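I've put the structures underneath this note.
Consider the two complexes below, in which chain A is the common component and chain B and chain C are the respective partners.
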Partner chain A sequence: MSVSPGALTPRGLMGRRPRLRVGVGDLPLLMAYVYVAAMTLVVLIVSPALIDGPGAIGANFSLVVPLALVCFGQTLVMLTRGIDLSIGGVISVGSALLATHLNAKGWTILPELLAIVVLGVLIGCVNGLVIAYTSIQPFIVTLATWSIWDGVAFGVLPVEGGTVSQSLINATNGDILGIPKSVWIVFVLLLIWRWVRSTRFLDDLVAIGSDESRARLLGVQISKRKVQAYAACGLLAALASIWVTAQTQSGSPDGGDQFILASVAAVVIGGTNIFGGKGSAASSMMGAIAFLLIPILVFALNLTSFWGIFFQGLILIIAVTFNSIIQTRSQR
Partner chain B sequence: MSEGLLDTLRKHRSIVLAFVLAFVLFLVGTVQASGFASYDHIRTVLITASFIGLVGVGQTLCMLTGGIDLSIPSNLAGAAVLTAFLANGSSAPLIWIIPMVIGFGMVIGLINGLGVAYAGVPPIIMTLGMNSAIQGLLLIYTNGGLAASAPSSLVNFVNGDTLGLSTMLLIWVGIAALATVLLSLSAFGRKLYAVGTNPAAARLAGVNVKRVLVVPYVVSGAGAAVTGVLLLGYLGQAFITMGDVYLFSSAVAVAVGGASILGGKGHYIGTVAGAIILTLITANLNLISLGESAIDIAYGVILLVTVYLATLRLRRR
Partner chain C sequence: MTATSLEISGLRKSFGGVEALRGANLTALGGETHALIGENGAGKSTLVKVLSGAVRPDSGEISLGGQRLAAFSPLAAREAGIATAFQELSLIPDLTVASNLLYGIEPKVRAGRIDRRALRQQATTLLEALGADGIDAGRPVRELSLGQRQILEVCKALTREPSVLILDEPTSALLPEQVQWLFGKVRAFAAAGGIALFISHRLEEIESLSDRVTVLRGGVDVGSGPIAEMAEARLVELMLGRPVDRVFPESPTEPASEEVVCEITDLSAPPRLRGVSMSIRRGEIVGVGGLQGQGQLALFLSLFGAIRSSGKVVMLGKTVRLRHPRAALDAGIALIPEDRASEGLCMTLSVRDNISVGSLARISDWGFVNRAKERKLIAFAVAQLNVVMRNLRQEVAALSGGNQQKVILGRVLAQRPSLLLMYDATRGVDVGTKAEIYRLMREQCESGTSILFYSTDVAELVNMADRVVVLHDGQIRAHLDGAEITESRIVAESVGGGASRHVS
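Now for the complex of A and B:
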């Protein structure tokens, strides 16, 4: 069984071997690499210390880790033509709980972290079940659950603060074999994606996103796969919340909200087809790096940091418009 | 009118139901607290609802076509902040500031609409990006989101009375009437419903689908700007996060009012009921001293339940 490199086509669905030729429709999948290369180049020329200074790689990648986690999940969901806005709520709830109720030391933090992850999976399952078994659109379902879990987070931790277990903070900092842990995590995520994209699970997601009624005829268990996709998204968001809370060393009841725009932007910049059926979590992670390079670039150019927020919104608008035009053209 | 009153009521069952629910919520509040049914409190509730109602005009149109406008929060805050900063406390320049600010809102809406209609961008992603872009510009403009005060004439206008009735409520009634005429009596309204129900069929019937799809976002942009200016007068202050609550509340009000998020069904009158319901729920939750947390949870649950009920109704047909 072979899978074409880069762009994924549902195995056997086309009745012929997937084309290896890169078409115009695949262009969006390459754009993230162009953005990253261009921005890195400018920063390296203007203010190289921001990228190759001592500790800069580790510090930059510690911001990439949570977004890479979330946009991995968002990619899975968007492959099925869905979207998950509730990750904002999941991260906020996780952060609020970690900063208030979970203060164990040493290895005993593990069961507590496991509880957060299980919560993320459960939240994702609820999203998936509602989306799979009703005809409500994913953006409405997850808009509602985003509001619900944000409410819960505010109930648990009304204002930013709380205390985070020192063991947890230590666990996310430092190096392994001279390479920052944050870099390792992104590397491991890429390996996981390499494995995931060769699984039946991903083929099914792609089939659902390409043409749901056709996938049903082919015997894809649509409801089960959708629940799994949203559960995975919840799981990854919970992991992101653990990382963010440890890194910021405090809880935030609305700290997850920023990840909604960021994860959607990362996926869109990464070129995943917003109409479903084609995409790559690796490209999304490259999109995440591009998204996070924007504030660095803004800083290097000596602009007020607020320009970063403007350009992050602008890049999403431009990338999504570009992708939409190309992807609707190539589908015709 | 060829159809009888009963037929009309039956046809708009969900809207009637929404008003009944609003009345029940009002009774619940009245039982709990003595001042709930006082003239002043009713007035406050309705004025609070009117802001949701005003942003709800555009949101209703967007959702009728199966879209949504998430750029309302920063569009609204932008109009308020810009008005407050440019006027700088004096009233005379409002004559050119307000039309200009509404013009900005319409341009932002136009960009959203063009992206959605002509480039085929999913509305949720387009407006999400727009929300962030405008927020960035606002932060740059205000140098970090400092609050600014409203000119006193605007404060007096919004909080004052005209002909013995609250000016704010008169504006809402006027705009509700306009929206009703637009949806029920105009050719554009018929096209909008046609596009919302089935874009392909509408195209075959000779409707310029893309042009129709742009309009809801322009209306929403203008509506958010108008609401921002009025809210500036009501609160007396402009700040960057002042629009945030309207992200959920506008969408939930539309859904509660019976507009189908699958497009093609619903009416602004339903949104009016939805806005009042949400405000009454907030007031009731405040009575039993449950704050922001409970309100967020309630909004989410209500959104899910009402949309679910709407899909059941559609399936039965």
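Now for the complex of A and C:
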């Protein structure tokens, strides 16, 4: 049999071209923006003061900041097909330490904050090392470390309270150039994500979550990247801890626990795939905003507050269902 | 980069008590294409993984140009100039073609950032230079066809400018002209002084491409020499450790019965399948041919009730509504799927469970499995196959590919179907297992089962099928019967030029 040279044209060699250039697989990552826009619109119509009243933006965003920080880290970990529950422990232990032992005044607060951040990184490294070098599920490893560090937090500060450095409280409040600091932080996080997104580090996380054995064949340094991802997650949780403690002006030995499910929910609402390989921290932060808009929406609609939890669950299930439908469709 | 020689000596590696390599040796020189062949489970893949640094050997050494390789890691292998196109592909579905192609050698800008635009441009240029410019560098690999991925995997290895290029079964999903493209690349690579290590099941490919050959069996090299001095029969004998008369069984002497088992009328599953009609008689083997992706998969999945379809299917005189695989199984239609790992087997279950799971209703009383009936069923299935396993409780994940395929056959045969659908069941299977599968197909037909099978291997269609239908664009383009079934005719009908242009 002879092959005619015409068969070797690109089209002949590679088969037909695809019909769609933009994958529908990316749709889930855009949905959080839709949720946020829709809810903001409703609140603005029903009860605009909740969003554009004096100080409302700053107050709302000061709730967004810690969840956005944690979601950023959670996204990195979930890209590798992992999960980090220990962020609850990190926030608790950080908060307990800040309210008891670390309450210097003025600039001397900085080394103490640095110590909290280093602690968060170390906790993350331990998670990452155990996960990378054993075959234990990330869920189990971080469930254990969450409990351990919550335990330590209770040892440091048995009941809610303590005193928080006034310098720290001042540092987290107020405006820069007329814009609340909380808004700035979310903005800076988005910029950092823009940078992270274009690094090899992120490609490696996607590769690991997409198919770990292929990533190994590709030459990805899997253990190193996993440790880095969990360390980054610990670091961001420590930063969240500092913000929460300063905002509430007291320490709480289990104050971090509420962030665990909230962060997972927000990341999923943001469209990141819990089975790894696909995700965006920017979308996760949008998911965090959507998650926190729900109680505001409920308040605006004059419903009792239990509807807040109800709708948070509802939006979660809608998001997950939507994501999985898109996933199966785009893989066909 | 060129190396004068690649020397592998005394390589040993075991996985959990199973020795995959037991002191394997191989020597290849610069400028040569060296074929590595052996049955499934002979240790070829393990050898490739050791060479590429994915697996650390228990003992033994590898030298490149006299320099001993000090470390075994993907990075060390890459730095030594070894690049591999893996059989299971090392491409990340969620990353773009460009990111995959240039992984680890990306053009960087400030602060660790990868310049995505430059990356894409460079990838496009490289793909064009390699003659693979039909692959869009900006698309995620997930959207590529299997053949395109295989080509990209080869391009990725070539892009590393290696001194040793390893190709592990690179042609399994390629069209004939794509294979020619690949062979051209490999020849050029060897002509420039590189060492190409080529692993394939297809002996005719090995004969046309390689200079020397090494045969592995049971983890050791059992023969090596210039390809010109190794006759095909000698190679097969070395691979199997015993002489083999022929791979394909004799054609049956009696004609198939006239009784129609399955009558298919206007079966459609748009856009892939557009109105297929045919009838299959008792004890008949009907082959399905055609280029890849012309609706064959849709035909098989429709008949198995796994995708929605319209049209009429009559099994044994009764019209069946194939809305679910359950309905197909109840009507006596069984399927051996394409991807045994993801569609055919529960990898973590035992051999026994994987066989009996297809016939649970028949071996259960009041919803509980009757162990005595199960034993009988398994004995029936296992008696027909030579599965190499420790015992029936062994996980199928631990079996070699050929043996896994036999377990699927065992399950399907235990269901005693009237119509057996086989979708490329011999792909990536060694010669020995292939011969056994062919023998089983004949036996099944003699006992009254009809078989509809699709194969990418045209020789298989020619030697096994009583009739062949060639699919094109979701429709039957040709019915071939008896003496019309020849390789050139099937290929001619597949590519669509008609008989006149292509018969040479």
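The working rule: the second predicted complex is superposed on the first by the 306 of 332 C-alpha atoms of A that agree within 3 Å, B and C clash if a C-alpha of one lies under 4 Å from a C-alpha of the other, contacts with A are read in each partner's own complex, and residues count from 1 in each chain.
Going forward, a contact is a pair of C-beta atoms (placed from the backbone, for glycine too) under 8 Å apart; a residue touches a chain by one contact, two chains touch by 3 or more.
Everything numeric in this text was worked out from a predicted model, so none of it was measured.
Looking at the shared chain after the overlay, A:Leu110 reaches neither chain B nor chain C. Legend: residue contacts after superposition of the two complexes on their common chain; A:Val264 is shown touching chain B, with no touch to chain C.
By the document's definition of touching, neither partner reaches A:Val188: not chain B, not chain C.
Shared-chain residue A:Ala38: touches no atom of chain B or chain C.
Looking at the shared chain after the overlay, A:Gly313 reaches chain B, while chain C stays out of its contact range. Applying the stated contact rule after C-alpha superposition, one finds that A:Ile179 touches neither chain B nor chain C. By the touch criterion given at the top, residues 68, 111, 115, 119-122, 124-126, 128-137, 139-140, 143-144, 248, 251, 255, 261-262, 291-301, 303-304, 307-308, 311, 314-315 of chain B touch chain A in their complex. Those residues of chain A that touch chain B in the shared complex are 83, 130, 134-137, 139-141, 143-152, 154-155, 158, 260-261, 264-265, 268, 274, 304, 306-314, 316-317, 320-321, 324-325, 328. Looking at the complex, you find that chain C touches chain A at residues 52, 54, 74-75, 78, 84, 86, 88-95, 99-100, 103-104, 106, 111-114, 116, 131-136, 139-140, 142-143, 145, 147-148, 151, 176-178, 180-181, 293, 487-488, 491-492, 495, 502-504.
Chain A makes touch with chain C in their complex at residues 1-3, 7-8, 10-15, 17-18, 21, 23, 25, 195, 198-201, 203, 206-207, 209-211, 213-219, 221, 277-278, 330-331.
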